[in-house]
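We just call them A, B, C and D in the order they show up, numbering each chain from 1.
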Amino acid sequence: MLDELKKKAREILKAGDAQGVLGLKRGLFDVIHPHVFTAAEELDSLVTEPKWPLAKTARAILRDRPGDFRLAVAARGCDERAVVELIKRNQIDRERILILGYTCGSEQAKACLCSRPWPEKRVAGDIVEGIDPLADDRVRPYLEGDDRARMERWAEQLRRCIKCYGCRNACPICICVPCKLEDDLWVERGAVPVEMVPFHLIRAFHLSDTCVACGACQEACPAGIPLMTLQLSMREALRKEYNYEAGLEPERTSPILSDFNREPRPGQALPDWIHTMDRKT
Amino acid sequence: MSGADGNKTEGMAVLIVGGGVAGVAAALDLAAVGVRVHLVESGPVPGGRMAQLDKFYPTDHCAFCPLWTDIRRLREHPLIAVHSFSDVSSLEQKENGVRAVIRYRAPAIDPERCVACGRCVEVCGPAAIRPSGAHAYPPVYLLEREKCDRCGACTAVCPSAAIDLERHESSREITAHDVIWAPGFREADISAFREFGLGSHPDIMTALEFESWTAEAGGNKGRVVRRSNGAEPRNIAFVQCAGARDLRLLPHCSAVCCMHALKQAQWVRRRNPAVDCVIFYTDLRTVGRGYYEYALRDIQGSPVRLVRGRPSLIHPLPGGGGIAVKFEDTLTQKRLMWNFDMVVLNGNLENSIRQNALSREALPHLDGEGFITGRDGKASPPACGFAAGPADVTEAVIQAASAAARALRAKRS
Amino acid sequence: MGMVHVILCRCFGELDSALDLEGIRTRLEGHSDVASVDTAGSLCLPGDAAAVFSRVLERGAKKVLIGCCSPFGRGNVLRDELIRGGLASSDVVSVDLREGCAWIHGKDPAGAVKKAWNLLDMGLASLGRAGRSDNVTVRVQPRALVIGAGASGLSAAATLAGLGFETHLVERTAAPGGLLNLISRTYPTGESGPDKLKGFIGEMERNPLITFHSGTRVESVKGYGGDFKVRVVSSGEAKLIRAGAVIVATGARVLLPRGMMGYGSLKNVITQMEMERRFFTGKVDCTAAVLLQCAGARSPERPYCSTICCPLSLKNAKRVLKEVPGSRAYVLHRDIMTPGSVLEAYYREALRAGVQFIRFDPQKPPDILGEEMFKGVEVDDAVTGIRRKIDADLLVLSTPLIPDPENQKLAEILDLPVDRYGFFEETYPLHPVETRVDGIFICGAARWPVSSDQAIQQGETAAMKAAAFLSHEKIPALLQSPVPGGKAGHARADADFCTGCGNCTAVCPYGACRLQKMNGRSVSRVIKVRCKACGNCISVCPNGAMQIPERSDRAVGEMIRRAFREVC
Amino acid sequence: MSATKNVHDVRIIVFACRWCGLIGADGAGRERTALPASFRVIPVECAGFVEPDLIIRALADGVTGIAVLGCHLGGCRFSDGNHPALKRLELLRTLLDTTGIGGRRLLIGFGTAHESHQFAEMIREFHRELSELPSPGTWLAGTMKRQ
């Protein structure tokens, strides 16, 4: 799969479709780091392991390169979806980015609880069946069971947060500068352990309709808190209500940003009276 | 907002008879272009029939919801003078305008001073004082003179000296450049028609009675119950064109009642799915935007049955077992008789011009069927809402602005 | 020393005892934000406002906190007078101590007193942090633009000119009149279509205030209510019209029922429009006409009633009987839609004139007989239950009005919503000709199928609403609001915070947020006039870049924190 | 936190839209309906004004329940501004459910609280439900000391 990717990358560089290819390079002392390959020969040192979210890096590169610089990205499924979300949020110019998609293996999919371990624009690798994250037993204790137990389980996890902002910095969609979590009005400054509810719930809710479930936050968290599990229930709600999944349809803005005429709930009439105490008035 | 330089509207004034939804809309449109308005409203606060409705079609809103914000705009506008408790006693056409005498049936409790603290209600022996409608804006208290035994206890206890039992009628003369008639409709008395059985049983009621009987703001808090014994009805009959499209009384079609019956049936189903609703219609007239789909939603969504045929006899069963409705279902040509727990009569709506214009010469020229349409060639004053012909809320508000435009253009030329 | 003057209403003793106003008064005087505290017997009777004003000016306080009754009671009386007297609406806050506190917690006096203190504290928090949006005023262009010169467009233009406003009338085709040019007689008066518009067209040519642009299309509309910059193109050459108000009167099309009930395959199967052409040319040539209602209407594809087909069909049926001696006319219908007094009388006249009405069940439509020539129909008469065979030599299909295919394009140009049928949609009941963009009004068949009289009437309605705009030289943006009492303010995006994610542009119901390029990155900018301060953009802005000064996050955050604070 | 909750621990913030949500509260007051004094009403222009982050911040500031009373869908004066508001708040309820705090702490009432009896019943029921919910516990109560 790797040499197919290299072959495709060389073609693109030669044909001038892109001036650079962003991928992982095995550099000095076998240290692997993201690198912009500009010459076809350099591509020998292109590698695809380990999993490294490149969408935000691509945005940064495109930001400080001249306007006509086009970048191709060696992207996994979640990277491509993250790039689509960034395009939707006007962070990356659609014409200046090209996706060289390659698939993930089944054990990688199992590790990331990924339901779509393949990109839409696939260049290399063959498609492997994804897994249903909600059925996984690493996730179920955090989503099911009685409220009280669940609250304690989450509290016990979130209490270990040391507010290193690793999750926010790793997330390809978290682009706000300055970020609300640093504002004293929302999260008290200098309090460690952090105020769990504001920090984690505000961050989770901001990503409710944009999270592409790439797992970068969970991998980046030094305390090993299952942060992606926070998003899964909201992603499931959006999929069930509006069959919308972040990062799939570039032309469709998030359904919770528009009214019921433009983004109705399929199969449901306009809910005219809402009383969440489940009491029909 | 003073009038613009462009057109000469300074100093212009228009008299609007009727403070319902059409009158309020016309007043706001005229005031927006800088014309002074005298709005004559017979009730305590503007709102008219729409304020008496619980919900309204096709959006199934609460009827007071869009209305109270417009009434608040009315009260805040410096150019609009609202004459509540008033009606037009005389109206003379002059060459450059109209001279009108407004009779002000002064209420015992002055709405401008009443702070709605309710102390008078506690001390009133014969319970002659009650708060105005649930959503009247601003909330006022009303003293019914016929119940009042003039003991004066309320006057003593009222903190803001708002009550004066001696306050009586007074008249006031105003001149205006034009009159817009918007007195709205009322329910014609069809108790004379024995086949409808109005008055023979508490559970046979007219549409407006049923609306306030099941209103969310009403005494039953939105519950659908029988008026005779308070039990929940098994089925309700909605009888259309009761007294209308009938040369004996009202030759016209009242235009609003098919949709109104569909709305009431829908709301009965929402509040109590166990109640069967049957609508007896002749032509189900659903003509406006989204009206036909509203009707479809009613029929397909919940089993509201439509029967094409006017009942020939509605009679309470002896022994109180409900109300018998004899009818021919003209689509199956079968003559049937069903028992209903409640019967709602729709359709007997006529305009209330005569009720508002008290004297002969105050009456504008009416066409053959009692409406101001100028159909038979004679010039007629601008009119909107039911005064110009049966119309629902949206039509009435459209006619209000066009009547205002006509009144304005007539005076400028 | 604080900047807030607090005035507490004793409401003739209603609040005095229940809330221990004296205790609250002493505590308030110690509050850091408060300049002075007063209590008054009443605040809503004539003369009370003047007393408050004098004390406010005396103390030089900038902001006023009023502890009184509910805004639906008389809580607004003093506040409105203070605002009319010159105080900014964000500097006067009224707190509901009567309905919302003393009366509703009558059984729990301790809870009521604590709540009263908390509510006042929250009022101080919001007053302390309330900024003020800069009040943009719109210089109104004193002329109107009417798109479409059909019945409603002509009537709107004539009414606006009659009210003294310069009007530009833009018509896509060469001549004014729209559908009415093709109507030989209109109901209920029987006047011909062109005669009905003769007065308006004469007014258009005679009145210098009206400029008619034939063969012209609207290409783009920029700006906002009071000052629209409209680019119109006629035969390739573009013009810019600056208008204070725009009226959409583009009318509708009649459905051509291809492939339905023999239309196109059988001779002598025509639509009502062709019937009108026959009446124009006088060649009616038929002995028995069948007029079929709801042809293509009230069906799954077009689930609506098109208002005019029944009365139009009654008129044509009566004319066939009158103009062709010895002829017969049948109207096959599912319901005769003639609501009101005028149309019901028209229906009675048709019955008396001898038109025969046959009702059919929509599930069992009539069968059309004849191979190449229309021979007649066979239909189950729903009322008599017998199957009737009618031989006739003319079938007239009453087809509905359908939205003009260009509505969608014009809707995008004007940024207006269309409803699920494709007609332009009004914003809110009781405002049937207004749209979500202030200053753009809709009337006639572009809004919903209407008869000629209704179209002319709606033209006058839209003109009246436009006149409300054009009769002011300047309109403060804060007063262009869908709610009484003006807007709460306008939203403002902080350019350095904004990352250009576009959430606000997607969620704004008024399209008031637009993304703008600023040194290489896109930043959101709010068109102050279009913004109505509904607050949706604030809720979806991830990092709080979007704020409404009168009600910032800080203010509400502080109010929540003080909501249950112990009384100190 | 004491096992049995006394009435003072229930703290409800009611965001009520000025055009529909607030009317029920005013009616209930005028009819002297006796309600627990555990709620504070913050009037807002539209349900769209209620920021989800503010609700989360309120939960951290010791508020045990939030009610958002808006207009009926299609009844919003701000051209359907309450549609996205409803979608956002329902999504927030899912998040609160996931973390165990309980979506029931966020009550959404669009077009259901304009009558005095509706508002009174809703507040009583919400109060009862919140007093039965497990006490917020230290981690939810966050930093009460920040008053």
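By our rule, a contact is a pair of C-beta atoms (placed from the backbone, for glycine too) under 8 Å apart; a residue touches a chain by one contact, two chains touch by 3 or more.
Note that the structure is predicted; figures quoted are calculated from it, not measured.
When the interfaces C-D and A-C are ranked by C-beta pairs in contact, the top one is C-D.
Most remote chain with respect to chain B, judged by CA-atom centres, is A. With centres taken as mean Cα positions, chain B sits 58 Å from chain A.
Chain D has its Cα centroid 32 Å from the Cα centroid of chain A. Note on chain placement: the centre of chain A and the centre of chain C lie 42 Å apart, centres being C-alpha means.
Shown for chain B are the residues in touch with two or more other chains, namely 59-61, 69, 116, 139, 222. Contact with two or more other chains is made by residues 19, 23, 30, 52-53, 57, 72, 74, 77, 80, 84, 88, 111, 118, 146 of chain D.
Taken residue by residue, chain C touches two or more other chains at 72-73, 428, 483, 507, 509, 540, 553, 557, whereas all remaining positions touch fewer. Listed in rising order, the residues of chain B touching chain D in the complex are 59-62, 65, 69, 116, 118, 131, 134-135, 139, 216-217, 221-222.
Those residues of chain D that touch chain A in the shared complex are 52-53, 56-57, 59-60, 72-74, 80, 83-84, 86-88, 90-104, 106-112, 118, 122, 125-126, 129, 133-134, 137, 139-140, 142-143, 146.
Considering their complex, residues 1, 3-9, 21, 25, 29, 32-34, 56, 59, 61, 66-67, 69-70, 72-73, 76, 112-113, 115-117, 137-139, 159-160, 245, 251-253, 255, 283-293, 296, 308, 330-333, 368-369, 371, 373, 375, 389-391, 393-394, 397-399, 401-402, 404-406, 408-409, 412-413 of chain B touch chain C.
Of all residues in chain C, only 417, 420, 497, 499-503, 506-507, 509, 515, 520, 522, 540, 542-544, 553-554, 557 touch chain A in the complex they form. Those residues of chain A whose C-beta lies close enough to touch chain C in the complex are 63, 88-91, 175-180, 183, 185-186, 206, 253-254, 257-259, 261.
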